[in-house]
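So that you can tell them apart, the chains are marked A, B, C and D in the order they are listed, and the count of residues begins at 1 in each.
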Amino acid sequence: MDKTIPSLSEAVSGIPDGAVVMIGGFGGSGAPIELIHALIDRYISTGSPRNLTVVNNNAGNGHVGLAALIEQGMVRKLICSFPRSADPRVFTERYLAGEIELELVPQGTLAERIRAGGAGIPAFYTPTSYGTDLAKDKPVEEFDGRPYVRELWLKADFALIKAHKGDRLGNLVFNKAARNFNPLMATAAAVTIAQVTEIVEPGAIDAEAVVTPGIFVQGVVEVANPAQEEDLNRAGAAYPEKVA
Amino acid sequence: MSSKLSATQIAWRAAQDIADGAYVNLGIGFPEMVAKFQPPGREAIFHTENGILGFGEAPRAGEEDWDLINAGKKAVTLKAGTAFFHHADSFAMVRGGHLDVAILGAYEVAETGDLANWSTGPKGVPAVGGAMDLVHGAKRVAVITDHVTKDGKPKLVKRCSLPLTGVACVTRVYTSLAVIDIENGRFVLREKLPSLSVDDLQAQTGAELLVPGPVADLVVPEL
Amino acid sequence: MSSKLSATQIAWRAAQDIADGAYVNLGIGFPEMVAKFQPPGREAIFHTENGILGFGEAPRAGEEDWDLINAGKKAVTLKAGTAFFHHADSFAMVRGGHLDVAILGAYEVAETGDLANWSTGPKGVPAVGGAMDLVHGAKRVAVITDHVTKDGKPKLVKRCSLPLTGVACVTRVYTSLAVIDIENGRFVLREKLPSLSVDDLQAQTGAELLVPGPVADLVVPEL
Amino acid sequence: MDKTIPSLSEAVSGIPDGAVVMIGGFGGSGAPIELIHALIDRYISTGSPRNLTVVNNNAGNGHVGLAALIEQGMVRKLICSFPRSADPRVFTERYLAGEIELELVPQGTLAERIRAGGAGIPAFYTPTSYGTDLAKDKPVEEFDGRPYVRELWLKADFALIKAHKGDRLGNLVFNKAARNFNPLMATAAAVTIAQVTEIVEPGAIDAEAVVTPGIFVQGVVEVANPAQEEDLNRAGAAYPEKVA
């Protein structure tokens, strides 16, 4: 079994128009910038994929990564908890113009809905959002005398995630807090593509320390020197690069 | 060839349908044998409920590590690429539909796909383990079983008489006499021992066998 | 001492109530300052929603690792005993009641314990982050805030006018003028600036302040 | 902060009569034999704790560990998935005599109920057990056209677990498949006591490889050479040792 994919363009080639795509990361940490940019490249040359529904904690920052995907007009709907950042203009402008739909989900509920999607749990109850506008129209029930809101699982057609090391079986480890949503999204998507800084031999990752077992991963592509969103934004970068 | 397949031969037949790279859970006991018969060039990845993916064969006697066991509590070994995880993550793999195949034993299988394999009735101590989770998780749930009970009664039945493990979950049954699919709530005969007529097989089966197409010979090596 | 506490001083006061060994989540922005003022001999363990327990202070400028950040996306550092985990495990800590204290900012706090701190209304882009989870998770949910808005309107009110973050969740409010508990749906005054009379304070508060016992002087060092 | 406890007897001293106690392990792997035996010692000398409700995947094997706890008559009710083992006589006899109550829970549901208890999720839906005797009287609901059974969280007063290494902050790692229910139970109990083979300095466990972060652990006690249930049973051991 060999899940490695030789190129970024091949890694994102199967994502169709209208797909639900989970994209890992919390702000820039753990964001698979290169996979996102490969998707933009494909869109620029083929017009596809478009009308995507994207699940991410945020809504992009500056003009790279998720923000660049939105800027291209590829995203129809965003499911996230916090569509703010140091430079959220790309999303904000489209949102206020009614050009992109937003489903706002509390961060813990977002994480749990994704986990539930991966774990075959169609619904669960949480105290989060009870009595607030975000619980509107959701079933409420009491357990042990406290009210809870029922939330539904969240699944995706594809997950694009970023890991630190991966092997050809798809076993992954992450770098520090860049773990965040990445392991959860891997479980909740029909097809999970991981960009990893280094592809290693099976066994090189300690069996005890594997964070995402290979069963959750369908493709692994090596990006040896991944860009960090914060660094790109400090340098004023945009994707694709602006031609003077 | 004898008049029926041995347990080992049934396991061999079931193993032939497991694709290279498939993620597989084998029920405890008899189904564990399936792992031995992976066809050359194919390598399945085995999952066990107690938190291992990609474990290897049994160790030699005396080399057991009792913290490295399968769901049947038999010792296994590590392989390059093994991963450990806790029980909730393990059953997320099961319930979440991430396994390609689960192969389980059975007391009874109904033409509806219902399975009874955890309780022989109200007497004694009931024990369910992971069976009820497995039948709802894997993309394909297959059963391996003798075609009839030790008393000669059909194990493939119209409706299960024993407590159910799951409803409409089994899609293929490998028996000591035949390979039978379950489609639209009916048994569909795919393969049978060459020595056996369809009528002979029907006589040992508790519900109607549909024969909509050619029936292949069920040919298994001596093992 | 000036007529009201600075944000830094409010953070200092809140920090005095955090026990040694407490697990603490500090909301993004202003509440993050609380970490700087742990009393000598006490060490709290800080949790951040994005999957770190037991992180250390901010690194020096230029030494940031952007994979080692807090929920406010500011760089932090490792300590001996830090642990990383994913977002579902992180919010299991929150929702499961494992945190001792969460300290959050507020637009409004009602005498009922209701909190509004995520939305100033239908205009603009709504963003909630982890606030709605935090208010239902920690054993003690405290708020630090100016006593009044920039326009001088009370932030401690009878009923919140802004969209709620949570219902009946706040139990203590540290303001620029006072320390106020919320008990049985009422504000209970515990400490106030010595220069301020209860009547002065009541005049800047949007719901009745109960004074069932002695009111301590709110004394905070110049910072 | 120092969560280490100097002795096994002190580690189990706070468990009252009638407590709900989760005990880690899957069969013998990951079973905190020494903590269980310390609890038995306390019961023999003080008559307490009794009327315990125990949560474990199994029901003991032979006459050591959980089986010995049951044999002493300390357990009123057992919540488990598989009360069978190579030598299940202790439980079987008491069960058939009506001396111990059994709540049988499918293994994945047991794991998820414990996780839910630790994660503040009072109820969730699972396909497991739908249409079976174990779903009797439980609410059923359809999601995406499939029926699911609603299950409730499971919490405990105490968890007794076994880990490999632990530090004084309570961070834990486990040994191979001895992980099993241990990390879940740590999250679901008000007080979790971990016996560890080695207490190490904070930082000695890689922050990336911590399985149970210290927030879930209230006490850590070192048992340098823990017994393995299989070895004890092969040697025909019983606890307390039978006096000839």
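Here is the rule we go by: a contact is a pair of C-beta atoms (placed from the backbone, for glycine too) under 8 Å apart; a residue touches a chain by one contact, two chains touch by 3 or more.
Predicted, not measured: the structure shown is a model, and the values here were computed from it.
Undergrad: Going by the stated contact rule, which chains contact chain B and chain D alike?
TA: The shared contacts of chain B and chain D, listed by label, come to A.
Undergrad: Pick the pair with more C-beta contacts: C-D or A-C?
TA: Output for the comparison: A-C.
Undergrad: For chain A versus chain B, what separation do you get between their C-alpha means, in angstrom?
TA: 37
Undergrad: Taking the mean of the C-alpha atoms as each chain's centre, how many Å separate chain A from chain C?
TA: Their C-alpha centroids are separated by 30 Å.
Undergrad: Suppose each chain is reduced to the average of its Cα coordinates; what separation in Å results between chain B and chain C?
TA: Each chain reduced to its C-alpha mean, chain B and chain C end up 56 Å apart.
Undergrad: Residues of chain A touching 2+ other chains?
TA: Residues 112, 115, 119-121, 126-127, 174, 176, 207-208, 211.
Undergrad: Scan chain C for residues touching two or more other chains and write them down.
TA: 78, 84-85, 88, 91, 94-95, 136-137
Undergrad: Specify the contact topology among the chains shown, as one of line, ring, star, complete or other.
TA: Looks like something else, not a line, ring, star or complete graph.
Undergrad: Give the pairs of chains that touch; include all such pairs.
TA: Every touching chain pair, ordered by label, is A-B, A-C, A-D, B-D, C-D.
Undergrad: Please output the residues of chain A touching chain C within their complex, sorted ascending.
TA: Going by the criterion above, the answer is residues 26-30, 57, 59, 81-86, 88, 91-92, 95-96, 102, 104-112, 114-115, 126-134, 174-184, 211, 228-231.
Undergrad: Contact residues on chain A for chain D in the complex?
TA: 112, 116, 119-127, 141, 143-144, 146, 148, 152-153, 173-174, 176, 206-209, 211
Undergrad: For the complex, give me every residue of chain A touching chain B.
TA: Those in contact with chain B are residues 1, 115, 117-121, 167, 169, 171, 187, 201-203, 207-208, 210, 213-216.
Undergrad: Give every residue of chain B touching chain A within the complex, in rising order.
TA: 20-21, 23, 43, 45, 47, 53-54, 78-85, 88-89, 91-99, 136-137
Undergrad: Touching chain D in the complex: which residues of chain B?
TA: 48-52, 64-69, 73, 78, 84-88, 90-91, 94-95, 114, 119, 124-133, 136-137, 163-167
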